[in-house]
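The same subunit A turns up in both complexes below, where it pairs with subunit B and then with subunit C.
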Partner chain A sequence: MTNHWVDIKNTDLVLIMGGNAAEAHPCGFKWVTEAKAHRKARLIVVDPRFTRSAAMSDFYAPIRAGSDIAFLGGVINYLLGHDRIHHEYVKHYTDFSFLVKDEFAFANGLFTGYDAEKRKYDKSSWGYQIGDDGYVRVDPTLQNPRCVYQLMKAHYSRYTPEMVATICGTPKEAFLKVCAAIADTAAPDKTMTIMYALGWTQHSVGSQMIRTGAMVQLLLGNIGVAGGGMNALRGHSNIQGLTDLGLLSNLMPGYLTLPNDAEQDYAAYVGKRTLKPLRPGQLSYWQNYPRFHVSLMKAWFGDAVTADNNWGYDWLPKLDKGYDLMQMFEDMGQGKVNGYVCQGFNPLGSAPCKVKVSNSLSKLKFMVVIDPLVTETSEFWQNHGEYNDVDPAKIQTEVFRLPSTCFAEENGSLINSGRWLQWHWKAAEPPAETLSDQEIMAGIFLRVRALYQKEGGAFPDPILNVAWKYKIPSFPSPEELAREFSGKALKDVTDPKDPGRVLVKAGEQLSGFADLRDDGSTSCGCWLFAGSWSEKGNLMARRDNADPYGVGQTLNWAYAWPANRRILYNRASCDPSGKPYDPTRAIVAWDAAAGKWGGADVPDFKIDSAPQDGMNPFIMNPEGVARFFAVDAMAEGPFPEHYEPFETPLAVNPLSPKNPEVRSNPAARVFKDIWPTLGKPDAFPYVCTTYRLTEHFHFWTQHVRLDAILQPEQFVEIGEELAKEKGIKAGDHVRVKSSHGFIVAVAVVTKRLKALTIDGRKTHTVGVPIHWGFMGLTRNGYIANTLTPYVADANSQTPEFKAFLVNLEKV
Partner chain B sequence: MALQSLDIKARSATTTPPPDVRARGAVPVAKLIDISKCIGCKACQVACMEWNDLRDEVGTNAGTYDNPRDLTAQSWTVMRFSEVEVEQDRLEWLIRKDGCMHCADPGCLKACPAPGAIVQYANGIVDFHEEHCIGCGYCITGCPFNIPRISQKDSKAYKCTLCSDRVAIGLEPACIKTCPTGALVFGTKDDMVLHAEGRIADLKERGYSHAALYDPKGVGGTHVMYVLQHGDKPELYANLPRDPSISPLVSLWKGVTKPLMSFGLGLAVFAGFFHYVTAGPKEVEEEEKTD
Partner chain C sequence: MQVTRRQFFRICAAGVGSSSLAALGFAPGEALAEVRAFKLARTTETRNTCPYCSVGCGLLMYSLGDNAKNTRGKIIHVEGDPDHPVNRGTLCPKGAGLLDFVNSPHRLQYPQYRAPGSKEWTRISWDDAFSRIARLMKDDRDKHFIAKNDKGETVNRWLSTGFLAASASSNETGYLTYKVVRSMGILGFDNQARV
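Showing the complex of A and B:
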């Protein structure tokens, strides 16, 4: 979230699209009801299904699963075409006026530089025109045909309301009604929040769907303001923490990135990431990359790393390719993986194409499952009748199950969607032999290290040099780890402007990431968390909800990264002179008398940079402004373009009907064997989408009796019209079949899933909730991901769970 | 269940007057269910099961979201989902939390023949005291909302207590405490009516011109009330009765027929006495005595 849960109450318009907050985030949804109750906010829901969020809405518009870029592209076209944008904001705070290289072009659904063989782009043409001064060339009049505004306008001019109706199936009147409501928030004193979740991320173009939403918000000036923002609703109580701490295969803590194979040289590695300003007077905060990186290495390796050994750079793995979930199971299936440690994860249920996952797990020599629950993954080798019809005799994988504590049985912090690190305390003792995850991991680490000490090995250095200074080596406590993430001074840290002044004494906790140094004098396990446990103590444990400014930014409640800031880019809530656009919702402002920024929130800005200095609000970008043109950051192009899901009812992409290459995302990685497995509309005519229900939490609560009582048995949802066609009544059992497998479930026949007219043809949608499996207290069911294709987003490699094809029959 | 006997206002099958010693008496309370804010998350069902230590069967899916499918002795509240199109092409998914309405004029209490099995407290809560329940099921006949359920296990009638045990010590009912969206609120009945007025004004501003409070007069008003978007069509909400009233059978039994029955009973006693006086006590035969 750029903003946070409580801040939703400040909005005038809530757009829930690509999410279903009322069902999947019922507690957070309360802030929508607050906005409705106290600001007369309106709620618009755009979704393939009439969800429980839609039930709360003032207006609902249907959309075909997987077509959101077409819809949002249509909104951009509407806003630009009707000139309903926040002019001052886009002019000053975005790249509207930036000039793009002449070589850059878009034709037939492709941007320049496409290599069909590799399914990758050469992105060298995706850049700005750089002037002699080393800065990007701009045209403040916005007349130059190469400026981002003009290019974007041309790009989205193809996304007409008619095209939206063709691709999305959204009736034109409904689409225009949504556009008009959104456009009203271009006024400086009106704002919209966008709440989205897996309904956007789990597509082969998921990252670009989110980008398109962000572009809409930027056009309206709704980023950086109270009640605005792009708000990703995280689906798991600590999944935000997972990414923050770099648990993705290409990341390190704090979104620092692992080097790739070609980056063997430390200076080049760190230089490439130390971004210099692209416009005069801009901050370009990533200039501090070396401070973050060196402090991280000091946290990991302690005294073993120095400037002389490049802070242990040689000990970092260099990626030859991505090692995401999809790649791992692909490799596993090819017999390239011996062992798999599966910690708090149930991939047999959570990964796409169950049969492929099951086959891959069968190739392992061993698997270690660390989980509080008996997951389906840990039982993948066991025959559970029709629900898991495998032959254990043919599976040689040895499975070790290590019972771990659950969140309520340990201290620690959880990071919520709003980036708040909230400390929690153990509520119960764990049962029997259960150990915490830290104890289990420490136990494994200490034994592995002893083996390396004893036997040497191919490359013992990274293991043997790990700093392991916990009081009880076999049990690093949550408090010790939290202090390590927040960071401390190894030597006295002094003020660069006044070297005699000591800011933090050696051995003390740091007060924030401004204290970090690149000379090895500071240690910090995650720069974004710096200051969360300072000399003032554990700030994550704070529970003071005082709200002195009355805009819900409770700075003494827990700790928000970065720097306890509640709303990111909040400088953009003020006009260029530093005055809030909407004084009734002011969060920061320039205080000329004090010579600094201040207000209800922690300013996301150089605190003493006066408005006349011309520094712009998006300080994490070297441009200083927000990007409509993504430069080379995205795999499939600088402007989001609609591509069909990999399993689509359409023969061609209606935006580029003549180019079969661009029916689906041309830059998405597709493993060779997968192409022939993808379902075609002749055999599988219905669009299918998977989702969660409010009564259950992923694959956990099937183990909880109370939740099992509320939703006991697997079901699928079909519209009344399709049910009638197929002779299906509510309560009948149906077989839903995709190209990858089938499930059998009870049919819920509903008015809430209506047939849409897509490209002139009636298209039905089938809905498949995910929560059942063959373990737990609910009635046994089929794993929903039996049905899903093994394809993913081109940037994040998040699987395409939300749009694929099925057929349906009564059993 | 836990309110003191001093707070009892009415008691089933009892003619002795209720206690009347309290100085100020209790303030009538009410639960307000704002259907326009209810997301149907069923957290209230869970809270109810947890607080009251109830665990219904893990059932089946009958082709709807409703689960458990109906009220039972173990499920004192359930969500009822209705898909309606009041206006053409404008689908609404109305989700109504069903359970005891705590009528001011409770049909169950009137119908109950077991002394003290059903009580009404001065604050308006209607409660079942199962230890006195004889399992006759008359409360079901008496209820205009079809709420009480007889347990298969112990043949006693059960329903929502409005958490009388919690309310007695100044806590809100469990469902209120857990509701994430504020669709459920609890307080004095006057405050709840006031709160409802604000909600209804909001709904009217959003185009629900018939938004209204459901506090049916036919049962003397209720201590569980609804805010309905379509106050003119309560039956849209899983057949919420438009004008509920106590079954005429109950009125017949406890109304007109009660004095007749009392008269009959009195007559029988009088006739017995008359017979005793005129015919004397029954003589026991000598030979029977020796047996």
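Showing the complex of A and C:
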């Protein structure tokens, strides 16, 4: 979330799209009802189903699963066509006036530079015109046909209300009603919040769906303001934290990135990431990259890394490509992977195409499962009848199942969607022989290290040199680890403006990332969390819920990254002169007398940079402004374009009907063997989508008796019209079949799912809740991902769970 | 007004107004039989955070035992934390059932091992589990570690073993996990955010 849960109360309009907060995030959704009750805010829900959120809405518009870019592109077209945008905001705080290279173009559904064989773009034309002064050329009049505004206007002119109706199935009147309500928030004193979740991420164009939503918000000036923002409702309690900490194939903590093979030289690696300003007077905060990186390496390796060995640069593994989950299961299926550890992760349930995952796991030599509960993954080798029909004798994988503590049995911090690091305390001992995750990781690591000390082996250097100065080496305590990622001074840290002044003494905890240095004098395991445990103590454990300004910013409750800031980009809530656009919802303002920014929130800005200095609010971008034109950051193009799901009921992409290459995302990675497995509409005529229920959490609460009682048995949702066509009554058992497998479940016949007219044809949607498996206290069920295709988003490699094709029959 | 304890309760139960008797100073005589005390009065209250979705609702967990070294706490009640700015004491149907998660009969109890081709689990000690896992990992790493690529560039990666990290483990666990996984050179590393 750019904003946070309580801040939703400050909004005028809530758009829930690609999520169902009333069902999946009920206690956060409360702030929507708060805004409705006390601010007269309205709620609009756009979803394939009439969800529980829709039931609370002022207006609901149906949409076909997977067509959200077409819808939002249509909104952009409406806003630009009717000139319903926040003019001052877009002119000063976005790239509207930036000039794009003349070579850049878009035709037939493709941007310039496409290589069909590699399914990749040469992105050299996706850039700005750079002037002789080294800065991006701009046209403040916005008349130049190469400025971002003009290019964007032309791009989205194709997204007419008629085209939206064709692709999305949303009736034109409903679509226009949504547009009009959204457009009202272009007024400087009105705002909208967008709440989305996996309904936007789990698509082959998921990243671009989210980007399109963000573009709508930027046009309206709704980013950086109280009650506004792009609010990702994360699915798990610490998925935000684990992402911030970089537990992903290509990342390091704090969104630093691992080097690739070609980056053999440390200076070049770090130089490329030390982004210099692209416009005069801009902060470009990533200029501090070397401070973040060196401090991280000092936290990991301590005294063993110095300037002389490039801070251990060669100890970092280098990437020749991404090794995300789907790449790993692909490699595993080809016998290239021998060992796999699943820590609190149940891939047999959570990964796409269960049969492929199961076959891949069967090729492992060994698997380690670390979990508080019995997971399906831990028993992938066991025959569980129709739900997991395998022959154990043929599976030669050695499996270890290690019991770990749950939340109630440990101290530590979790990060919620609002980026709050909240500390929690142990309330009880774990069952029987259960150990904490820290003890388990230490148990494995210390033994591996002992073997390397004794026997030597392949490149032991990083293993032998990991800093492990924990008081009890076999149990690094949560408190020690939290202090380590927050950071400390290894030598006295002095003020660069006054070298005689010591800011932090050697050995003390740092107060924030401004204290970080690139000379090895500071250690910090995650720059983004710097200051969360300062000399003032554990700020994540704070419990003062005072809200002195009355706008819901409880700055002394827990700790928010970065720098305890609650609303990101909050400088953009003020006009260029530093005055809040809406004084009734002010969060920061320029205080000329004090010569600094201040207010209800921690300013997301250089605190003493006066408005007349011309620094812009988006300080993490080298441009200083927000981007409509993504330059080269996205795989499939600088402007989001609608592409069909890989399993689509349509023969062509209605936006580019003559180019079969662009029916689905042309830049998405598709493994060779997967193409023939993709379902076609002749055999699988119905759109299918998966989702959660409020009574269950993924594949955990099937083990929780109360939840198992509330929702004991697997079901699927079918619209009344489709049920009638198929002769299915509520309560009948039905077989839902995709190109990848089938499930059998009870049919719930509902008014919530209605047929839509897509490209002139009636199209039904089938809904599949995900919560059952073969290990629960619930009745055994089929894993929902038996049905899903093995394709993913081109940027994030997140699987396309939300739009695929199925057929249906009564059993 | 002389009443026995039992009569006192009978009077109190008779009507709304009678509860004011106690307020006026009419207390019953010596208790002969104790009513059951409010269950949570003798428990230890601990602040925690709901482990399910990302709203991050504050929890109050009540456990028997006073956290002394020689006692073993047992959680008997979980409810929303009324001080928490987001949930203000509320919980959803999942959060309200957390006690059954902590005490689920499907919690793992001890390390287990499944041999190649076997149909069953056997118990194994932690020491044996760690030693065997470490041996398997080291052997695989030593055999398949890639120090240089075809072009002779230093790459120092280990691709034949992968690691999937959690979605609900703490930052502290995540940070330590990262340190261990990357120092070994593993690239096949993801967390639940990927899916």
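Everything that follows uses one rule, which is that the second predicted complex is superposed on the first by the 811 of 811 C-alpha atoms of A that agree within 3 Å, B and C clash if a C-alpha of one lies under 4 Å from a C-alpha of the other, contacts with A are read in each partner's own complex, and residues count from 1 in each chain.
Convention: contacts are C-beta pairs under 8 Å (C-beta built on N, C-alpha and C of every residue); 3 or more make two chains touch, one makes a residue touch a chain.
The structure displayed is predicted, hence computed values, not measured ones.
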Exercise. A:S360 contacts which: subunit B (first), subunit C (second), both, neither?
Worked result: neither
For this session: Identify the partner contact of A:T694: answer first if only subunit B is touched, second if only subunit C is, both if each is, neither if none is.
Result: both
Exercise. Does subunit B (first) or subunit C (second) touch A:K40, or do both, or does neither?
Worked result: first
Problem set entry | subunit B versus subunit C as contact partner of A:S664, first or second or both or neither | neither
Problem set entry | Most subunit A residues touched (candidates subunit B, subunit C) | C
For this session: May I ask you to decide whether A:S511 touches subunit B, subunit C, both, or neither, giving the answer as first, second, both or neither?
Result: neither
For this session: Based on the superposed arrangement, let me know which partner A:L233 touches: subunit B (first), subunit C (second), both, or neither?
Result: second
Exercise. A:S67 contacts which: subunit B (first), subunit C (second), both, neither?
Worked result: neither
Problem set entry | Touching partner for A:G443 - first (subunit B), second (subunit C), both, neither | second
For this session: Figure out whether A:T434 sits in contact with subunit B (first) or subunit C (second), or with both, or with neither.
Result: second
Exercise. Where on subunit A do subunit B and subunit C both make contact?
Worked result: 26-27, 30, 694-695, 705-707, 710, 777
Exercise. Across the complex, what residues on subunit C touch subunit A?
Worked result: 44, 46-59, 61, 63, 65, 72-75, 80, 83-88, 90-98, 100-102, 104-119, 121, 124, 126, 129-138, 140-142, 144-145, 147, 149, 151, 153-195
Problem set entry | In the complex, subunit A residues that touch subunit B | 22-23, 26-27, 29-30, 33, 36-37, 40, 50, 52-56, 58, 60, 694-695, 705-715, 729-732, 746-752, 777-779
For this session: Would you pull the subunit B residues touching subunit A in the complex into a rising list?
Result: 36-37, 39-43, 45-46, 49-50, 55-65, 67-68, 83, 85, 91-95, 180-183, 202, 205-206
